[in-house]
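Each chain carries a letter (A, B, C and D) given by its place in the written order, and its residues are counted from 1.
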């Protein structure tokens, strides 16, 4: 199983959506199973990309209604945990790709780092791990760079 | 999304495995996405059945290793929650089909009932909901009966 | 830390409440920290008993409002997990005392057994663990018997 | 119930410990129930402070052993969720006080902000909420300022 989680804002401008979609396409082409939060914005755009390449994209939803996810998901898991489902999104992937976003995305990215996972970020904010055992926070400039790094790092681990 | 969860023992005799496999086949034929605990026994047998009909079966794993699941899963979600992942399995489906099992299965079935979901049981134990708002516990004798009931009830809700 | 969890129905007759209250009193006298689901019925009655003996009783709440718990709790933890907080109640105690209840209580008791914990039951239903590694399900007739067993078993582990 | 969560690094220099201890003292004096992650560093120092003023401090532990917490806790809840217990620490308090720390603390602080809670930070990093519904991130220079703000904001909500 090559699980990659993609996290990011639920309200994003078209250029960010285009980045997420391209990330989705490239991950699906490479054979990854993609996990996301299942809702709008980056979560929807990445799902569009994955489906364009006939990949598998699974949404981990905050609520209890499986139909609350975006319509591009291959499958949706209603957790009923509220935003605490963020931690499950971070745990689902061997590597996490973060695209923009606000505090929800930061909670997922920093949690992944705490658990020793690499977070590859296409976006503006920085998180600086400073403790032994924490994962690496790596900036990528393009979807291609982010996905290549993700596959490389997932392969090492 | 038509999510059905299938729960049951991790160590089962061949005849129970055959039941789980047939349940998996019938759910996949009917277009359901099947959720299970991702490990051995009923969880593996139902996955075999789902894949025989080219369906989608997702394992919600207790540990953090995505490769700890059985090899028939379409996708595996490592949760790191230990057996507390049981409640996620119960929440994932609109209806839960229970096939045999011990206390782990009972925890999932009774939790689903607490949340108002119908549990269709092919097996020996009984749970008797006695409070308003709890779901129904229905016995089925065959995989066919269980799956027909599951689709009917999921359609009503 | 000697944590004991007490679980049971949210709507109970006076005689069941009296049992829970006596369990609470005896646990507090013995120096246990008592965990419960924080709401009404057995959860409230056990809290009354604990406070009568100046003990510590902590409610693990399903919602996000700390004030939704009963007024006898020493502290209330709002989890926002819904009934999935049941698993936390079961995990909090070294031993679990179950007093009556319906599917919610069964989900907690069976989950505790799955995790290898002893469940001491004053009530009508039976759970029969049948797998290696599962805890023991023991019936007690009186609060005294239940609490003595709980302290004895917690001391062994 | 006036619950305040205090989060921060598990390895801190003496001056940070002194800050956490003073925060604990002032919260206990003001009648708050203090929640923390239950381990070392800020979690232990705040507990020392709370106990010096005879307050109540509850540790929400990542593991399953109630005795893994620091010895100053009034009560310890073993969750078995690993670092996913971070979200429970963030949910437990009406307001969160963050003292230094690395990615674990950032995951708790950003999660609290996502859920609309105010985070009062005595430390070096910044989180900038940029979405409607997110909580406020406020910097405080001293324990006195942080605790006064915490009580004031908890009272408003």
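One rule holds in what follows: a contact is a pair of C-beta atoms (placed from the backbone, for glycine too) under 8 Å apart; a residue touches a chain by one contact, two chains touch by 3 or more.
A quick note: this is a predicted structure, and the numbers were derived from the prediction, not measured.
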item: Longest centre-to-centre distance from chain C, chain (CA-based); value: A
item: A-D or B-D, whichever has more C-beta pairs in contact; value: A-D
item: Averaged-CA centre spacing for the pair chain D and chain B, given as whole angstrom; value: 39
item: Rounded Å distance between chain A and chain D, as computed from the means of their C-alpha atoms; value: 28
item: Multi-partner residues of chain A (each touching 2 or more other chains); value: 64, 80, 82, 84, 91, 115
item: Of all residues in chain B, those that touch chain D in their complex; value: 64, 80-82, 84
item: Residues of chain C that touch chain D when the two form their complex; value: 1, 3, 33, 35, 56, 58, 60, 64, 66-67, 69, 73-80, 88, 91-92, 94, 115
item: Partner chain C, residues of chain B touching it in the complex; value: 9-11, 82-84, 86-87, 91, 102-104, 106-107, 110-111, 113-115, 125, 127-131, 134-135
